[in-house]
Structures are given as C-alpha cells and as structure tokens.
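For clarity, chains are labelled A, B, C, D and E in written order, and residue numbers in each chain start from 1.
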Amino acid sequence: MIYDKSSGKIVDIIKNYARKHSLWIVAYGTGCGAIELPPTMTSRYDAERFGIRGSATPRQADVLLITGYLAVKTLKRVIRTYEQMQDPKYVIGFGSCTINGGMYWDSYNTVKALDRYLPVDVYINGCMPRPEAVISGFIELQKLIEAGKANGAKKYKENLDWYRENQRKVIKNWKMPDYNW
Amino acid sequence: MSPVHFIAIPLFAAFLIPLVGKVSKNLVKLIPGIVFLYLSYVAITLFPIGIHKPIVEIIAGFKAPFGISLYYGPLAAFLTTMITLIGFVIWLYSYKFIIREPIEKYYMLFMMLITGSTGIVLTGDVFNLFVFLEITAIAAYSLTAFLRDKDGAEAAFKYLLIGSFSSTFVLLAIVLLYANVHTLNMADIATKISSVPLTTRIFILILFLMGLGIESEMFPLNGWAPDAYSQAPSPVGAVFGGIVVKASIYALMRLIYLMFEFQSVMHFLVIMGVITMLIAEMSAMRQQQIKRMLAFSSIGQMGLVIIAFGVGTEPSVRAALFQMFNHALIKSLLFFAAGYLVFHSGSKKISALDGLGHDKPITSFFFAFGALAIIGLPPFSGFWSKLYVLLSVANSGLFAAVALILFSSVVEAIYYLRVVSRLYFNTEVATDVRRTPVSGLVAMGILTLVILFVGFYPNLVLHWMTPAANELLNKAAYIKAGLFH
Amino acid sequence: MIYFITSVVLILTGMYAVLVKKNLIKIVIGLSIIDSGVHLLMIAIGYVKNATAPIFSKPGLTADKMVDPVPQALVLTSIVIGLAVTAVALSLVIRLYDHHKTLDINKIRKLKW
Amino acid sequence: MNINWLSVLGIITTPIIAFIVGVTYGGLTRRITARIQNRYGPPSSQNLLDIIKLYSKETSIQHGVMQHLGPVFAITASITTLYFIPVIKNSVVFTNLSFNGDLIFLLYIMVFGSLGMALGAGQTGNPNAAIGVSRGLSQMVGYEIPFVLSLVAIMTQFHTTSLTDLLAVQKHFADWIIFQSPLAFIAGILAFLGMMGYAPFDVVIAPAEIASGPPSEFGGKYLALMMTSRSIFTFAKLVLFTDIFLGGASDFITLIIKTFLLYMIPVLTGIVFPRFRTEQSICFFWKWPLVFGVLAILVVVL
Amino acid sequence: MISIPYILLIAFAGALLSFVIHHIAPKLRTPVALLTTVLLLYFVWALPANSLINIKIGDFILTWGTTAYGQLFGMLVAVLGFFTVLYSTDFMASKERLGYFYMNFLFVIGGMLGIVYSQDFISLFFFWEIMTWSSFMLVIYCCKDAQSIGLKYFVFSAIGAYSILIGIVLLYSSMGTLQFKNIFGHINEISTGIKISVIILMIIGFGVKSALMPLHVWAPDAYAVSPSPFTALFSGALSKMGIFGIGLVLFKLAAHTGFYSYVQYTLAWIGGITALLATFYAIAQTDAKKLLAYSSIGQLGYIIVGLAIGTPLSIAAALFLAILHAIFKSMLFMATGAVYMRTGTTNMTEVSGLIRKMPISFVTALFGIITVAGVPPLGGFAAKWMLYESLIQSGHYFLVIVIFAASTAAFLYLFRYIFSLFLGQEEKEWENVKEVPWTMQIPMILMTIFVLVIGVFPGLLLDPISSAMQYLNVKPFDYQMSVLFNNWGGKVDMQIVVRSIAAVFILLGIFITIKGYRNTRYVTTKDIHTSGEIPTENENLTYAVDFYKPFERSIAPLLKASIDKVYTLTGDIFEQAFDYLRYVYTGNGQTYAMYVVLFLAILLLFSELIFGIIL
C-alpha cells in the first residue's frame, strides 16, 4: 500500500510531485455541476495546464469528481466507481449539495452529506462553483498531495465499517462486491 | 467328365425337386446345394482343360455342323465357373431367405434358370441359344411373380410383355439367318455369313440387337428391368444381375463378334452403352426404393460393360469380362444385403433404412462394402475393372466416353453413399428383433472375401481373363474348334 | 410368297394388338398372333414347292425333293415355348385381375419411377 | 564469443533515448494541440509526469496472466523493433541489431505488440476492450496494405529488403527516397497516419465512445508500461520512416529534426480532423493510398 | 524388414485389427491403434533411403519407393498420425462406434503413406481413393447434418479424383506407361494438347484436396463436422497430399513444358486469391472449427503460391509452410477439440473465458495463432519471410500485396478465435470446465515445443526440405541453421531475434512481476468498468457476436459472392434434370413395348446413319 507520506525520501518527493501534477479525473456528472466542467477544461480556463485531464475509466483515474447532489440510486454507482479506482485516489465534492444537501436539504431521496459515505478530500463550495473555484479546489488538492495529507483513501479503509454502515442505511438493495484493498 | 453336366444336372434337379418336395421340404432345400457342389466339382475339373483348349461336346452323335454341340472354351469356362459360384452363393442365401411356400417351385425355377443360363453360355447352336434363352426367360418371369403379390404380378407381366418381344425378335433373326445360310451351328454360320448380302446381315443384326438387347438391359429396351429386379425376391434380383443378364450379354457379344464384326456396330455399341449408362445412373439417383436403385445401377454397369465390349480391343474385352465378373459378385452382395435390409425395415423405401446400421451392423456393413466396391473404390475389386475399362477405352481414343463414365461414377457415388450414410448416420429409427440368418451372412461373407481378395490380387482373375478375351476376339480359332474339333 | 406376306401381316397385327389394345387378354392374344406369324414364316422358309415330307419313305427320294425338315423341328419347339409363355402370361393376367379387379393395362402401373 | 561493448551500450541506451524522446514528443504534442486550440497547455514534461505517476500508483488487481503479460508483449515489441532499426546512420553504437533483420521482419515484429496488447485486453473481459481490439485490428488491415505497397515499391526499386542498404542508397539530399519515389512516400505517409493512431484514425481508443478501448481495464503500472511502450514505439516508427524516406540521420540533431517534422504530420492532421468510423477509415486506406501505392509500383516496374 | 510394403501392411492390418478387436475386446482397441501408429512412426523413420519395390498387378507394375520428397511428407503423416491417435484416446473415449473410427483413421493414415511412397500413377491413385473414402467415412462419423456435408465432400473428392484419373488415363494412352521414372522427364514426348490437359486435370484433382479456390466449398463444412482429432489430421496431413501432388505435377511434369510460366502464373494467382478470400470468409465465421477450416484454406493458398512461383526460396517457403501448417493447424484444431470436449460446443459466441480453466490448451492455441500469424519468433515467421522475399524478388508485386493483405487480415480471425474461446468473460456456465487429460495434452505440448524450436532453428526443417527440393529438380538455396538469406543479400538471424525478444521479454516480465503481480490479486471478469453499474452473474458482457461487423461491412461485396450457391444451383439443376429423366420409365408395360418397337423402327430407318447401310 502506498500512502502519501511526507517522508524525506527523494523517491517520494518525485512521486508526490508527479502525482500532484498529473491528476486524472473521473467525473461523475450527477447534477448540474457537470456543466461547469467543459469550461474548466477548455480554452478559457484550460485546466490541463495543471496536468488535469479526464480519464475514460476509473481504473486509470486519480480523482473522483462528484459534481452535485447524489440521489440514493446514484450513490451506489459512485461508491462502486470509487472502489474500482486504484490507490492513491482522491475525492472532490463539488458544490454545496455534496456538503449539506444544498437546495435538496429536505429531499427524501438525496444524500445530504457526502462525507458520511465517501472520504472527501476537498470540497468546492458554491451553487454552482465557477470554473475559477473548481481550479482553486484542484490547486488545494495539489497542495494537500504535496504535503502528503490527501489521504482520504486511507481513511476510507480504516473506517470502512463506519462508511459501510452509513452506506447500507440509505441503500436498501445492497448487493456490492466486497471492498478489500 | 463333360460340359454337358452343366446343363443336364440342374435340369435333372429341376424336375427332381417337385417330386422330392412331396416327400420332404428340407430335402428340397438341400438339392440345389448338392447340385452346385457337383457343378463346382465339374467346373474345377474342366476349367484347367477348357482354358487352354476348347472342349467341344457333340450331343447325340451328330457331327457339327449338323448336330447340336456344346462349346466349352475359355470364355465359357470362365462364365460357367462364375455362374456356379454365384449360383451357389445365391442358394446359400436363399436357404433361409425364401421362407414362403411353395419352396420347391422356387428351387425348381431357380434350377431351370441355371440350366438356361449355362445353356446359353455353352451352346454352339443358335436355335439352342434361343431355347435356353426362353427357358431362362420363362423361369425368370415366374420367379419375378414368385411372391404372388400385386406388384410382383405387375412386374412379371411387364417383363413377359417385353420378353416375348425379345424372343420374337431372336426367333425372327434365327429364322432369317437360317434362311440365308441353312445352318444353325454358330461356327458354321460364321464361315458362311460373309456370303450373305450386307443388308440382310444388318437386318439380322438389328433383330438380334433388339432381342438380346432387351435381356441385356440396353436402353431403351430395359423398361422391364427396374420393376422385375425390385419386385422379385432379393436373391432373384441377384440372379438377374449376376447370371441372366451376364448370359444374355455373352450371347449378344458372341454373335456380334462372330458374325457382325463391323466397325459401325462397335461404335453403335459404345454409343448405346454410354446412353444406357448415363440414363440409368441418372434415374437411379432419384429412386426412392432401394432395390429399384440397385436395378438402375445394374443397368448402368451393363452400359459400362457394353462400352467396353464395343471398343473391341483385347484389353477392353478383357476389361469388360472383368467388369462383368465384378459386377456379378458385387451386385449379388448388394442385393443380398438389401434383401435383409428391406426385410428388417419392413419397407422397400430408402428412407425406411434410417439408422439400421446400428441395429443390423453386419448386414449394413456388407451393404456399405458393396456400395464402396461398386463405385470402384480401391482396394475392392471394382476399382481394377473400372480402371481397366477406362484405360482400354482411352487407348482407343474415346476420351469423351472416359469423361462420361467418370461422370456417371460420380453420380453413382452420390446415390450409393446417400444410402450408406442413411444406414449409419441417421438417428436410430428401425429396430427389428429378427436376426439375419447365418446362411445369408455366410453367403455375403463369401462374396465379400472374394471381392477383397480380387481387389488385392486381381491377377488371379485377370490371368484367366486373357484367354477368354482372346477367344471372343479370335473368330478363326472358334470356327476351327467348333467345326473341326 | 403369300406365306411371307401373311406372316408379316400377322406379326404386324399382333404388334398392333400389343401396343394399342388396353385389355390384358387382348395383349396376350396379340403376343400369340405374333408368335403364329413367326411360325408361319419359319415354315415358309423351309417350304419347297411340290416336295414331300422329309421322310425317306420311298426309294429314290433325294433330299432336294423334300421340304427342309429343320424349320419344322424348330417350329415345333417354338410352338411349345410359345404355349408356355402364353400359359405364364395368362396366369399372370389372372393374378393381376385378382389384385386389381381390372384388365386395363393403363390402370396397372403402380411401379413407376 | 566477442562482444562489442559499444553495441551493448547502444542496446542499453537506445530504448532510454527513445523513451525520453518519445515522451517529450508526447508532451509537446499536447502542448501544440493546446496552442492550436487557443489554450495554454500543459508543460512538455506532462507525459513524463503522467508516466511517473502511473508507475507510482498502486496496482492491486489483475484479471489474469494475459493481462499481466499484455503490456510486456507490447513493450517487448517496441524495444525489439527499435533494435532492428538503425537509429543513427553509420554509427557503431546505435545501429544495434539492424544487420540481422530486414523490412519484412520489421513489418511482422511491429504487430507482435498489438497482438500482445490485444490478448491482454481480451483477458480483462471488458466488452469495450474487445470492441477496441476489433476496431484496431480491422483498421490495421486497412493501413498495412498501402504501407506494404509503398515498401514493395521501394524494395523493388532499390533491389534490397534491408534497411541498412536503403540508408546507404540515400547518401545525399537529392537521393532521399521521398524524392526518388514520391508516390511511395505518399502511400507510406498516409498509412503512417493510420499507424500512429491519431485522429481521424483514433477509433481504436475513442475515449468518449468505448472508454479508451483496449486499455480500459489497465491502470497503474500496466498503463504506465503501455504508455512507455507507446512512446518508444512512436519513436521507433518515426525513425523507421525517417530511415526509409528521409535518408536517415547521421547525428542526433538531424534525427530529432527529421523525426519531429515527420511527427507533426499526423499530429497536425489529428487536431483538425474528426474521427472516422472503422469502415470509413478502412475504405479510406483502400482508396487513395492504395492507388498511390499501386502507381508507385507501376512506376518502378515500368 | 523395414520396407514400404510392411509399412502399408501395418497400417491396413492395424486398421482391420482395431475394427475386429473392437467387437471382441473393446479395451484393447485403442492400444492396438496406438501401437500401430507407433510402429508406423518407427518404420517410416527407419525406412532406408533407397528402398524400391515392384509389384505386378495385371498389366501394371506398381512401384513403391522412397524419395526425399515423399519421405518429408511421409514423416509428417506418421508423426501427425501418432499425435492424433494419441489425442483421440481420451477425446473419443466416450463416443460410440470406435472400431469404425479407428479403422477408418488408420486407413486414412495408410492411404496417405501409400501416396507418398508411390512411384507410379496407378498406386498413387489407388491409395488416393483409399484415403478419400476412408476420410469420407470419418467426415460422416459424427452427426446427422454430416451426411449432406460428407456427400458434398465425397462428390468434390470424386470429381477431383476422377480428373486425376482422366489425366492418368491420358498419360497412359499416350505414353503407354505410368511409372514415374518413365514419365517424368519424358513428358515432352507427347503432344501439347494432351500435356496441357493432363496438367490442368491433375492440378484440378489435387487442388480439390488442397481446397483451391473455386473447389474449396467442401472444406469448411467437412472440417467443421468431422471429429476433432481427425480434423487435425484432415487439415494437417490430408490436405497436404494435394500439395504433394501439385508439387509433383508442377516440378516433374509441367516444369519441362513450354507453357510452364503460364501454369505458374495462373496457379499463383489462384492461390493468392484463395488465400485472400478464405481469410475474409474466416473472419465472418462464428464457429471455431469453420474459422480454422477457412484459415486452412487460406494457408494452403499461400503454399500453392509458393509452389507456383517456382524460385528455390519460394518452394522452400511453401514446403516449410506445408510442414509447419500441418503442425500448427493441428495444434489449433486440437485446442479447439479440447474446448469442444469440455464444453460441447465450438460456437465462439457461446464459449468464452476458458483461459484459467484450460491453461495448456490456451498456451497451445496461443502459440498456434502466433505461428499462423507469422509473428516472430515462432516458426511461422520463417515461412512467411521466405515467401515474401521470394515473391518480391521474383517480381510478383501485386501478388505480394494480395498475400500480405491476407496475412494481415489473418490477425483478425486469429484474435477472434483465441479471444472468443479462451479470453473474455468467464461465464458461470463454464465454471466447472477442467483441463483435458494428459494424453491430449502431450501432443499439444510437443507440437508447441516444435514450433518454438523451428522458430529458432528453421534449418532443422530446411535440411529435409532442401533434399526434397533436390528430388524436385530445384536449385538449392542458401540457409544456415538459424539464418535465412534472400537473393538480394538480406537476411534474418533468428537466433538474434529470439535472443533479443526473449531478453527484453524476460527482463520486463520479471520487472512487472516484482513490481506488480506480487501484490495484485485476481478479480473476476465481472469486476470491470461498467460505469458504476454492478453486473449480475448471468448478465452477458461478452462481445462475441458480429465481432468484426465494421470490417465485414467494408468487405461486404466480397462476402456476398458465394461460390457455394453456384454449386448448389448446379447440383439442383442436375437433380431436377435427373428427376425428369426418370419419367422415361412410365410404369406402363405398353409404353415399354412401344419403346422397343420405336427403337426397332429407328434402327431400321436410320440404319444408314448407324450402320452405314440402307435397308
């Protein structure tokens, strides 16, 4: 298991540098936030200059981007996607819906606090956040990575029981393969 | 020892059988066997002599050309031996196969038929030829109707209708011949025939061609054949294919080679042979009854023999004789096997044979064996004779005939293998608790062994075939032996 | 000469009967007529005008004064054969009638192709 | 057995050089693409960073031994291909093993990697991967034919199948095969477009369509190996084409210039063209490139 | 003791014995068959080089003798015969009618050995026909729909065999002898027309067995329905008999004639088109055995191209490929057979993901397809290399494109084959599939090793080939144990190639194993990226149907044109015509009598035409 350590080893420094500058995202376009990603990636804001680019499958990705509210139904898929990603991996919560439910705070069918189900490394505030905010969120993540503090995956593994309990609470038809890496 | 035994013994047996039949049916069954054993003894004794020097037997003391003579030359030796062999196997097969009364009549007619056939082969007299032909024919009509069923009677009547024509033509021809040369001895006729005007000769030839062509299944005179073959009891089919037709084609060829050896006749024979073969094979392809199919196949094979005779060179005549021999053996085997297959499946249809190979493996094996052999596949005997026919035909430059023979072989392969694959490879349909009797299996086994043996060692037969072919071709020697023995 | 013509006429008549008539009995009769024609022809061939029977009954009788004996012998044989054939044919006709209840040859054609 | 230590040096350094050059080209491509799209673009080292990151990623799952070996096949093919191409003309160090193989050998060794990749992708069981492989192989049949046509034209013209001999033919600027046999060059370069797999011939990976196709189940080190292989292979192909058409290079600077120029052709084409469907691209390759190839051969023969 | 009649005797006696013993003591049947093939292998191997036997049958002298050319194929037949019989011991164990199976199997082997040792056309044809009918018996062995397929096979074989026979007959009628030693080299003594017809007829005849393009239609079906061990022999050795014959005809008969170059050119193009079209057809198949069957047709096309080009290198390539094709196609058919044995189907849309269940079969199939594809470092590459070099150097520029297109397109079906059967989703349906028994593994492993060794040391195989070429009067060519040369001075050193590939491969393999594999764990093929959706166990995620739809669309016109339909149509027309013909027999006695009279009338009226005399 490789975790981000702020050790002094030169290998780790290189690795962390590379990780920081090469963030491949798998964007889970659940809500209205997905519309903010195209301007982020394209000519005007050009997130690629930070090494951020989309990846096709979770196997190749580093960052799971949850762009907006999560319904119970989609939560299951998000969890699955997250679990298919390879370490080291990070989660960015996007918009206020992921923080507290946002405008869906009293909906019967949305997940209010993403943190209870997945280990979120960085939240980007706003409804919706503008591309500038998104990029700033990414830079925040980069900083965390460089510092070796973006260890959401580790948290997830250590507190797997707690996360599972929360997940099972909302997802009624729980039929998922075990997460065991 | 005299060749007359070949005729006399079966004839005697034929008359003896009904009498014995009054006493014991089982004894009746044995008599033909004894006859054939005796005949094979005769054949073994006479064969080495006859193959080197013809034996001419004078009946009732009149010298040729006035008396009736029997001519036992190499060809006759070969054919009588063949008839004895086939006859013996047929008897063996019939022993258990013919269970229907009146058994004694069956054997009587069978013996008559053997008498007639050996008579045709042996006689040196044209009118006797006719008489023997008629004996054969009447026995054959009756045997065709032996089962006394609807179809048998119909087939027999057709056979009789056409057969009467045949005898009429032959008789007419003999009469005309006699009117011109005033003799009936074949050797004598051959010496005198050249004085007869050509038109008359051709007319006589045409009559002979018609008459004997009917019996030797030449197209379009063979309408009777499929019916008769298919409706007669199976061993009788084998008799027709193995004995009767062979004897009559012998007669035709003997007469043609002796008296009408024109180039045009030979060409005509080749053409008729090709047509016969093609039409028969093609018709066989679409038959639904197995014995009809075999009958058509028989006709096709006779076409092949006629082609080879028509080419008229020494190798081709030899090939024709070899083909005749093989065809007699193989077609008998096929009729035997088909007989029991029909018996077990309870229907004459090919479609009823589905999966019988699992139930009756040995009989089916014999059928498959025969099918492969008759198509002309090595290592069976059929391969060599077909090869010899082809080579001899090709040596005369008739490549179109070669191609057509091979084309018809392909057709032949298709319809035979269709049956074989049905036998073995369809889902099991037919089961029959009755077992194939041992005597039938032994008969088929003997034929199989002979076919295989000849296939691996064709020299055995070919060795004797050469003098036979030479005899047929050498007119002068025949005349010399027939008249001045 | 008349014999020859008659025999040819007989043969042709018989053929006509065989080929055209539909009744089995008539066909058999036709066959017999053909036979008769052929027999007549045979006799005619051996016939020598004003000759005697071929028996050396009188002295001085030479062979060329007798009719040819051979055709007569042949005819006898042939008649017997013809009779046999006719007998077989008629028995077959009876059998056919038993089975088919008809004598029309066109209706007795179950065995085909 | 006497070992030429210089060639051993070459054998060790060539893949490394190829990797660095290839990776840099990859980064530059992204940057150039970005500039054309009026973006700032990532740094040129971006591809290198990506690869390092992928190497550092954990690889904790596999679907079986073929997935494991697939990338190895691929990189083996890339490196072996490179070994049999004379990188620097007349150099002892960088001719490597090129005397022991010829063009036909290269044609075949080049598909070795695709085969391995296809097998690896196959084992993952991802239908997208299978679709990608299916497309890739189909397209390969498309572009190999004009490529071989142009090679045959050249081989016939110069009566050699050896790359070294072809290099020897192109001594001067005017002797370059691109001038001697322009039709063959056109056919070859059109095939080269397909071979490089950039748009419009990127239906194989088609990220938005079939989730990057064959490598869709590959992550971490597997993906890193594949990207390494791709970088080396790109360089190898560039060198091959340079050697065949552009007279090779006698030093690294010439090599870089020539290969870079050559590389720009598919890159620039790719930026402005949309994606072809499989059958469209096959039909494309069997239309004009084929005509040019046939013409090239006819010119040589007549 | 060790002479050709004994070899044939052993084969045929073994055949009959295994049939008989099947009915007496069924347990002994397979050992007897196996022992027969072992004995054959030993006898063929130990056969002295110059044995010559004359046997007189009728007018003919049958001559059997060893030649380097015959021995090359004889050895192939013996080895493959042994392997396939060994393979059948377990493969066929649960089947019925094994006596029948082994009898015909050994008959086929005996027939083939007879062919290769024949020194005259009669015995060649004799054994050719034995081989034909016994193989027909095996084709119809399996199942119901095999009947019509078997019949098709037999009809084509018969047409082929009879065209050979017409050729033989023509030769005999013009030369009066059928001994090879009297015919070869004296072919120019006969007229040109006969020469041309003999050569064309014989090429057609041998071409049927080697599935040359318009005569190939029997092959895919026949290969697909016959039992797998026999298919291996069928495609491996039996089709090579056609190649054997074509080689004889080309180099012993046609080579001395004035029109040799035309024959070469035509045959080469036919071979090339065969290779291309068969490859395209193979791509469109869904049945693994059919796919391999078309692949065989294509490979035989290459071989024929090689033979037809006629340069030393190309002939060497052709013979090399012939031997190698026998091996690798047997490997593939055996692997397919293994799959069939365990799953009961060879349909590629049904079976998938057997790699972990049947690793040995997979490795066999993998090496097989790499060899077919001609990718270095396995043996196939040497063959392909020699073929291309000779094609380019002899100036067949467009043929080389056709061949290369076929060869590239071969990747498509090869990948599909291995992907569909062994890779892809591991379905629950095939959960309990096990590897095949060791008797089936041994031949597969041995042949895998063989292609590997031949890949490194093609010289091992080129030695007997060059002596066979000497017999065919072909100039020798240049080669070393592991180095191949072409005429333009190019060369490939297979050892260096293999060494470099192996070095890199092993190095990286070790690297990735240490870095990755150790820490990884296996996940099922259901655990894949499906956009977060979790596939249920019986959800079909296999991509197998219409695998190459886009490609098929782009070659659609070629696929649509089916020569098979033409044959079917011809067959139908013939059958219809025959059907009308049999109405001649109306069933009415009077009509028959009428025929008689009419025939008489015709004879009398047209006597001038027929007999030349007016009546």
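Note that in this section a contact is a pair of C-beta atoms (placed from the backbone, for glycine too) under 8 Å apart; a residue touches a chain by one contact, two chains touch by 3 or more.
Treat the numbers as computed from the prediction; the structure is a model and nothing was measured.
Both subunit A and subunit E are touched by D. Chains that touch both subunit C and subunit E: B.
When every chain is reduced to the mean of its C-alpha atoms, the one closest to the centre of the whole protein set is E. With chains reduced to the mean position of their C-alpha atoms, the one farthest from subunit C is A.
A comparison of the B-C and B-E interfaces places the larger number of contacting C-beta pairs at B-E. One finds 43 Å separating the Cα centroids of subunit B and subunit E. Note on chain placement: the centre of subunit A and the centre of subunit D lie 36 Å apart, centres being C-alpha means. Centres computed as Cα averages put subunit B at a distance of 78 Å from subunit D. Counting partner chains per residue, subunit A shows two or more touched chains at residues 57, 59, 181.
Subunit E has residues 521, 527, 529, 582, 585, 587, 589-590, 593, 597 in contact with two or more other chains. Residues of subunit B in contact with at least two other chains: 157-158, 161, 165, 226-227, 283, 286-287. Chains that are in contact with each other form these pairs: A-D, A-E, B-C, B-E, C-E, D-E. Note for the complex: subunit B touches subunit C at residues 127, 131, 134, 137-138, 141-142, 145, 148-151, 153-158, 160-161, 163-165, 167-168, 171-172, 174-175, 178-179, 182, 184, 226-227, 230-231, 283, 286-287. Taken in their complex, subunit C has these residues touching subunit B: 11, 18, 24, 27, 31, 34-35, 38, 41-42, 45, 68, 70-71, 74, 77-78, 81, 84-85, 88-89, 92-93, 95-96, 99-100, 108-111, 113. Subunit E meets subunit B in the complex at residues 56-59, 122, 125-127, 129-130, 132-133, 136, 140-141, 143-144, 146-147, 150-151, 154-155, 158-159, 162, 165-166, 169-170, 172-173, 575, 577-579, 581-582, 584-585, 587, 589-593, 595-600, 603-604, 607, 610-615.
Interface residues of subunit E, counted against subunit D in their complex, comprise 353, 355-356, 366, 370, 373-376, 381, 384-385, 388-389, 392, 395, 397-398, 400-401, 404-405, 408-409, 411-412, 415-416, 418-419, 423-426, 486, 488-493, 496-497, 500-501, 504-505, 508-509, 512-513, 515-517, 519-529, 541-543, 547-548, 550-551, 553-554.
On the subunit E side of its complex with subunit A, the touching residues are 521, 527, 529, 531-534.
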